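What follows is a set of structures for review.
In the two assemblies presented below, chain A is common to both, partnered first by chain B and then by chain C.
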Partner chain A sequence: MERKWIKEHVSDLAAFGGLLLCIIFFTITTQLKGESIWSAAKLSALMADVIVTALMSVGAVFIYSLGNMDVSIGKQIGLYSTVLVLVGNKTGSLIPAVVICLVIAVAIGVINGASGEILHMYAVISSVVFSMILSGVSTIIYSNIGSRNIALRGVDTSCFKSPVVMLGVLAAETLIIGYFFNYTKFGKYAKAIGANKTAAEQCGVNIVKYKVIPYVFLACTLVVASLFQMGYTAAASDSTGVGFEMNVMVALILGGMPLNGGMKSKVLCAIIGSFTFALLDIGLPIIGIPTRLTFMVKAVIFLAVVLITCRKKTGILPR
Partner chain B sequence: MKKRNSFLKRFAAVATAVTLAAGTLAGCGGDGGKEAGGDAAGAPADEGSTADAAGTTADVGGDAADASGADTKGGKILLLTTLNSGGQYEFYNAFFGNACDDLGYDFEIVYADTFNDPDGNLTAVRNSYTSDVVGLIATVDGGINAIMEEYPDLYVAGFYGDLDAVYEEDGVAHEVLSNDHFLGTMGDNYVSGVELGEAYAEEVIARGYKKISTIIFPPYAYPKHTTADAAFRAKIEEYNSSADEKIEIVGDATVLEFKPLDESYFLEEGHGDLDAIVGFCAGISFIYPSVVSAKAGGTCAPDMQLVTGGYESEADIFADCGDDKTIVSITISAPESALFPIVMLDNAIQGKQFADYAGPERYTSGILAINSTEKFQAIMTNSPLWETDLSKMMISWEDMKQYFTRYNASATYADLVKATTTDLSVEGYMN
Partner chain C sequence: MEQEIIFEAKKMRKEFGPTIALNDVDFVLRRGEIRGLIGENGSGKSTIMSIASGMQPATRGEMYFKGQPWKPQSMVEAQRAGISMILQEANTISGVTVAQNIFAGREDEFSSFGVINIRKMNVEADKLLQKFGIARIKASDPIDRLTFEDRKLIELVRGVMDDTEILVVDETTTALSLEGREILYRLIHRMAEEENKAVVFVSHDMDEIMEQCNNLTVLRDGEIRGTLNRGEMDAADAVKTIRYLMVGREIGEKYYREDYDASCGDEVLLELEDITFGKIRNFSLKLHKGEIIGFGGLSGCGMHDIGRIAYGLEKIEGGRVLRNGAEIKTPLQAIESGIGYISKNRDSEALILEGAIGDNIVLPSIPGMERATFISPKQEKKLADAQIERFRIKCQNGRQYVNTLSGGNKQKVSFAKWTAKDSEVIIMDCPTRGVDIGVKQYMYGLIEQMKKEGKAILMISEELSELIGMADKLIIMKDFKVTGEFCRSRDLKQTDIIEYMI
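On to the complex of A and B.
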C-alpha cells in the first residue's frame, strides 16, 4: 500500500522534496558563509526573482494540462511591458494600458487556442508564429523610438516592488486559477482533453471552446506578470521577456508538472517549481558558486528531477 | 521481483543524480572572487591567463599588507559585463581580479543581459549580491538606476560602455548622474560619434581609397554609429570638395541587426569592387568573416580592406592584419584605461576621494589606433592583450598605485584622467 502510494505520488514527492531540500540546504550553507536566505533583503530578492515566473507559470498550468505549450510567452511579456510604458507615459495612468494589453492578450490567446484545433496542427506552431510576429513588432517599435530601453515616467510603480504586494497578488492569482482549474469544468475539461482528447470529445466536450479558454486564463496572467515585470524597474526594452517561456517550462517541470498534460496537472506545480528555481538563483551565489557555474548546477538538478519523474517504460518526460 | 528491481533502479538513478549534484556543489565551493583573477602572489590567472599579479610579484607583497590593514575596508567588487570571451575579456578579468586581490577585495564577474535589458541586468546583480558587495563596475546602463536604487550603499563606476542612458539628458537613467555613489565612466573607444567618424574618415583619406561603403549597428541600439556615419560622410564630402580624385561612398550605411554581414552584400550593386568597408560596428566579428569568404568566392575585390573596431586574440586573424592585408586598421580602447574605475571605486570605498573630483564625468578611453603592420606586431608582442600578460601593460601596477589616494594622499583626479585617456596610445607598446 505504502509503496503504491509512493509510486503514485513520486513526482509530487520529488517536487516537494526538492523544494524542501533546497530550503534546508541553503538555510544551513548560507549560514556558514555568514549570510542567510531568511534575511529581509534575501527574502525580498527571492520574491522579486520569483514573482514574474510564478505568475506566468500559474497561468501556464492550464495550457500544459492540455498537453500544449506556448512559446510566445516571453515575447508577449515584452510587448505588454512596452505597451504599459508607452501608454502609461501618454496617459499618465496604467489602467488604459492594462485594458489594451488585456485585449491584445486575449486576442492572441483565442487565436493560439483555436487555430491548432481548427487548422489541425500542433497548437505550439501558432505560438511560434506569434513569437516571430511579436519579435518583429518589438523591433519596429524600438526602431521608431530610437532606443533599446524606455522608461515609465510620472507613474508611481513602487507598489510592484513591495514583497508583500507580490506575495498577495501571487496568492490571489493562485487561488483564482486554482479554483477554476480544480472546481470548474474549465479546468476539468482541460485536464480531460490533455489526458485523452478523443475520450473527452466522445463525452461531449467542446474541444475548441475548452482549448481556447485555458489560453484566455494564460492571457490574463501574462498581463499581471507584465505589470510586475515592467513595474519593478519602471522600464522595458526590446529584449524584455526573452527566454521567459523556458523559465516557465523549467519551473513547471521542477514543480512536477507532467509535460503532456492530463489529470495529474496541478497549479501547485507552478508555485513549487518557481520557488525552487528562484531559491537556486539566490542561494547558489551566496554559497560561493561562480555565476557561470550556477547554470550547470541548475541543469544537473533539473536533470535529476526529470530522471526521478520520467515515465519508466517510455523514458519520456513526466506523466 | 520485477517491481523490486524497478524500484532499485530508480533509487540508484536518484542516488547517482544526487551524488553528481553534491559533487558539483562541493567542487564549485571555492571563492568566486579568487577564481576570476588569479592570485596576487604571481600565480597565473584563471581563464587561460598567463599573467602574474600585474607583474609586481615581490613589490606587491608589502603594499598588499598595507592595503589589508586595519584602516582599510574590504568587500567584494562586481564587474557587470556582456563580455564573456576574447582577449579583452581575459585581460579585464585578470586585471580587475589581480587589482582587487592586491587591494584587499574579492572580485566576481556578473554576466549582464546580452541585450542590456534593465530587468535582466538588475536580476544578474541581485543574484550575485551578497552583503559584502561594496562596488560595481558597470559596462552596461540598462537598469543601472534600478540597481542603484535597490542597493543605495553600492558605489558604481561605468566602464567599457557609453552609458548613454545615464549621460543623455533624456536618458532613462539620467537621474543616476546626481547620485553621489555614481563615480563616472571610462567609455569604450570614442565616446563622441563625431570623433569616431572623423577618425575613420582620416584613415580612409590617408589610405587613398576611392570607393568605400559603411556598416553600422541599428540606431536604436547604437545611436553613436549613426552619428559617426554622418560625421564620416561630412568629412569625406569636405575632402571631395577640393580633391582631384573624389572618394565615392556607395549607398547609405548598411545596418547589421547583430548578425554577421550576409555574403549577398557583395553581390549588390557597387559592392563587388569596393576598395574598403568602414565598419563602425564590431567589424572583426561581424564583417571580417564575410569578407574572407567573399574573397575566397571571388565576389569582392581580392585586395578589399577593412577599417573597423573590435579585437580578437586569434593568430589567424592577426595574420591577416597589416598594411597589405584584409584588416588594415582597428581602433580599440587601451586596456590600461581599466585603471579608472578601480581607482574611483577604491577611493570612494575607503572614503578618500580625490580633492579635485567634481562629479561623474564620462571620458573617451585611451585609444589604440592600430593601423600599420608594425602596430599590429606591437600588439602581438608587447601588449597585455595578446596573452593576457599583465606585466606588459604600458603602466605597471606598481606605477598605477600612485593614482590611489590610499597610497598617495596627493593623487589627483586630473592626473588619473590623463593617465587613463590621452596618455595611452599604441605607440606605448612600440618602445
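On to the complex of A and C.
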C-alpha cells in the first residue's frame, strides 16, 4: 500500500481500525472473562448506550462539516426531554410534545446558525449563550415543579427501549442525513463553506442560508434523540443531557471527523465513533476495568486518536 | 573562465505517488548566474529549487552547496545557510506588523531577558525597507493593511539577508506591481553581478526571463530538455527553440487574437451605471455581447475593484450593476444571471484547496444539476471530467485534491469552473497568472472562441501585452480613475499606454 494513500486516509484507517480493534479485542477478552459482548443482554445495553449519542452525532456531522460546533446540545436534550414529559403528561400523547420540541429546536438552530454569520462572531458563542439560557430555563422549570425528576405517566414508551426500533430509527436517520449530506446541495455547500467560505461565496453559495440549514438538520435529530433519551426511562431530570455535547465531539473524533470541517467530513464518522465509544463503555467494565478508571482509559484512547488524526499544521478547532 | 559552482544536484528524483515530478535531474548553478528556469505547469521547475531550499525532501539523489553535501531539513535551515526562496503565494503572517514579519524567527536578535525590544526591531526593519527602496512602507504598519503586492515585497525583504548566497524567485513577479518588479530586478542584478552570488528565476514570462537572465534551463515532464547561454538566448529563433523545448512540439506563432475587428453585438450584457465605491467615483461601463473589455493599470489603481463590484462582491455606495435589467448585488444573483468570476487570489478565494478537482469544478453548477434535490454523482463526474479533459489538467482523476496540483493547473481548475457553468459574462481577474505558455495559448484561444460565441468578457490584467492582444476596448486606470481608453488596433503599443498608468 502506498504511503501517500495511507497518509491521505489516516483518519479513515484510524477510525475503522479503531472500531475493528475494539470489536476483536472485546470479543476475545470478554470470552476469557466468561462473558460475551455479543449476548442479547449486552447487545441491548450496547444499543441503549449508543443510540442517543449516535442520533445526535449523525445530525452534528452537518455543523462540524462547517467547521462549527454546538455546545448547547446537552442542554437542548435536557429541555426537550422535560417538555416531552410535561406535555406528554398533560395531553396523554407525545405528538404535541414533539411538535413543540421541533419548533423550539428549529428556532434555536436558526439563531445559532445565522447569528455567527450576521453578527460576525464564532457560531459557538451563540451556542454557549443558549447553553446558559437553557440551563436557567431548566432551573426555573424544576424549581416550579419542586422536584429534580419528573416521570411520564399514561404514555407507553416501551418501543423506545427496543433494540430493533433503535437500530431501525438510527438506520433511517443515517440514510436520510447521508442522502442530504452527500447527494444534495445542502451537504455539498456545508462542506464547501467549511473548506473555504470565500470560495464558496464566490461560487454563489448563500452563506447565511447554508449555515442555518445544517443547524436545522441538527435540531431535528436532537428531538429524535430526546425521544429515545426520555423514552428509555420514561422520565427526565434537571441533569438529563449534561455533557452530551462532549460525547458528540468525542464520538465524531473517534469516527475520524476532521475537526476543522470541510470536504473530508463523512456521516459514517458519527456511526463509527458512536459505536466505538459505546463498545468502550460496555466492554471495559466486563474485562475488569473499574468504572472509575474507564474514563481514564477512554481519555487515553481519545488522545491517541486525536494525535493520529487531527494534528495538522493548518488544523483549527471547530468554532 | 567559468565561475565556481555554488550548487549542484546529481540524479535528483522526486516522486509524488505515481507521478514523477523530477526524473534523475542533474543541475549545476554557478556564481554570478541569474538562471532562468522555465517549463510548462508541472514540468518540475519549482520542484528542483523547493528541494534545494528545504521545502521538501528529494526521493533520492545528491545535492552539494558550496562544495559540501547538502540536505536541508527545513526552509529556515536553508535560509540560515544561504539559500532563500520567495514563493508564488502569499506567505506573510497576518495580525502582526511589517517589522514582526521581516524578523519572524529572528526575534532573539532584539530581545533581552525574554522581552522583545519592538522599537529596536522597528528601527532595523525601517533601515531594511529603505535599503530595498520601499521606505513608503513603515515597519510599524500592520501587515494586513498592505496590498497583496506590497506583502510580496515584505517577503522579499525577509528572505534576502546579507549572507544569502542563492536567491530563488519562484513565480513571484506575477504577484508584484511594476514598482515591485523593478525593485526585484535591481536586487537580483546586484546579487549576481556585484556580489558574485547566484539567482534562480522561475517564471512563465518568457519576455521577463529573456530580459533578466544570463542562462536559461528548460524543463519538461520532470527532465531538463536544454540549457541556453546568453548568446543562444539572443539568437533570432531563440523563442521558437525555447517554446519547442518546453512543449515538445511546434505550437505555432498564433498566440493572441490575430484579427483587429473590434466589433461586437448591440445587446448590453452587463452594465455598471454611475458606480461609486471608495475612491472610485461615478464609474460607468457597458459590456456588449461578443465584446472583450480589458482593464489595465498598476495594481491598486482600482481595476480589481471594478471586477469585484461587477460580480456583486462589494457593497457599492452609489450606482447600479445591471444584468438583463435586474440589479446585481450578490455573487449568487450574478451567477444566477449568467455571470462568472475568476478571482485574482486563486488559492484564498477561487479554490477549495482541500477539496477534489471535480468538486471545485462543479460547485457553481450545482443548482442547475438538481433534480428534486438529488444531484447525480455520475452527472457531476461527467461535467468535471469533460473540463479536466478540455483544459488538460495534469491529474490522476477528478478525485485528486487541488492542493496537490501545480500553480498553473490550479488556475486551469479556477477557469474550468466557469466554462463548465457556461456563463454568458465572465469577469477574469488576472486569468493567466502563473500559467505556462502552452496553456496561455489555449486560454487565449478559448477567450477568442467565447467572443465568437457571443459571450462578454471583462478582462482585468497586469500584463499589458495580454490586454493589447485580446481586448476590443482597453480601459486604463490610475488612482481609481479612468485615464485612458483605447480601441483595438494593430498600431497600439505598450509604450502608448504606459504613460496613462504611471
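Operating definition for what follows: the second predicted complex is superposed on the first by the 309 of 319 C-alpha atoms of A that agree within 3 Å, B and C clash if a C-alpha of one lies under 4 Å from a C-alpha of the other, contacts with A are read in each partner's own complex, and residues count from 1 in each chain.
What we mean here is this: contacts are C-beta pairs under 8 Å (C-beta built on N, C-alpha and C of every residue); 3 or more make two chains touch, one makes a residue touch a chain.
Predicted, not measured: the structure shown is a model, and the values here were computed from it.
K.L.:
When the two structures are superposed on chain A, do chain B and chain C clash or fit side by side?
P.N.:
fit
K.L.:
In the superposed model, does chain B or chain C contact more residues of chain A?
P.N.:
If we count touched residues of chain A for both partners, the winner is B.
K.L.:
Using the superposition on chain A described above, determine whether A:A195 touches chain B (first), chain C (second), both, or neither.
P.N.:
The second partner, chain C, only.
K.L.:
Regarding the shared-chain residue A:Y183, is it in contact with chain B (first), chain C (second), both, or neither?
P.N.:
second
K.L.:
Determine, under the contact definition given at the top, whether A:T291 touches first (chain B), second (chain C), both, or neither.
P.N.:
first
K.L.:
Thinking of the overlay built on chain A, is A:M263 touched by chain B (first), by chain C (second), by both, or by neither?
P.N.:
second
K.L.:
With both complexes superposed on chain A, which partner does A:G204 reach: first (chain B), second (chain C), both or neither?
P.N.:
Once the two structures are laid over each other on A, A:G204 reaches chain C alone.
K.L.:
In the superposition on the shared chain, how near does any CA atom of chain B get to one of chain C? Answer in angstrom.
P.N.:
Scanning every C-alpha pair, the shortest chain B to chain C distance is 5 Å.
K.L.:
Across the two complexes, find the residues of chain A that touch chain B and also touch chain C.
P.N.:
none
K.L.:
Touching residues of chain B toward chain A in the complex: what are they?
P.N.:
Interface residues on the chain B side: 3, 6-7, 10, 13-14, 17-18, 20-21, 24-25, 28-32, 35-36, 108-111, 113-120, 122-124, 126-131, 141-143, 145-146, 165, 172-173, 218-221, 223, 257.
K.L.:
Show me the residue ranges of chain C that touch chain A in the complex, using the header's touch definition.
P.N.:
16-17, 311, 313, 330-332, 334-336, 341, 343, 348-356, 359, 363-364, 366-367, 370, 373-375, 377, 417
K.L.:
Any idea which chain A residues touch chain C in the complex?
P.N.:
Going through chain A, the ones touching chain C are 2, 4-5, 180, 183-185, 188-189, 191-192, 195-196, 198-206, 262-264.
K.L.:
Which bits of chain A are touching chain B when the two form their complex?
P.N.:
Within the complex, chain A touches chain B at residues 3, 33-35, 41, 45, 48-49, 139, 142-143, 145-151, 229, 232-240, 242, 281-282, 285-294, 296-297, 300-301, 303-304, 307-308, 312.
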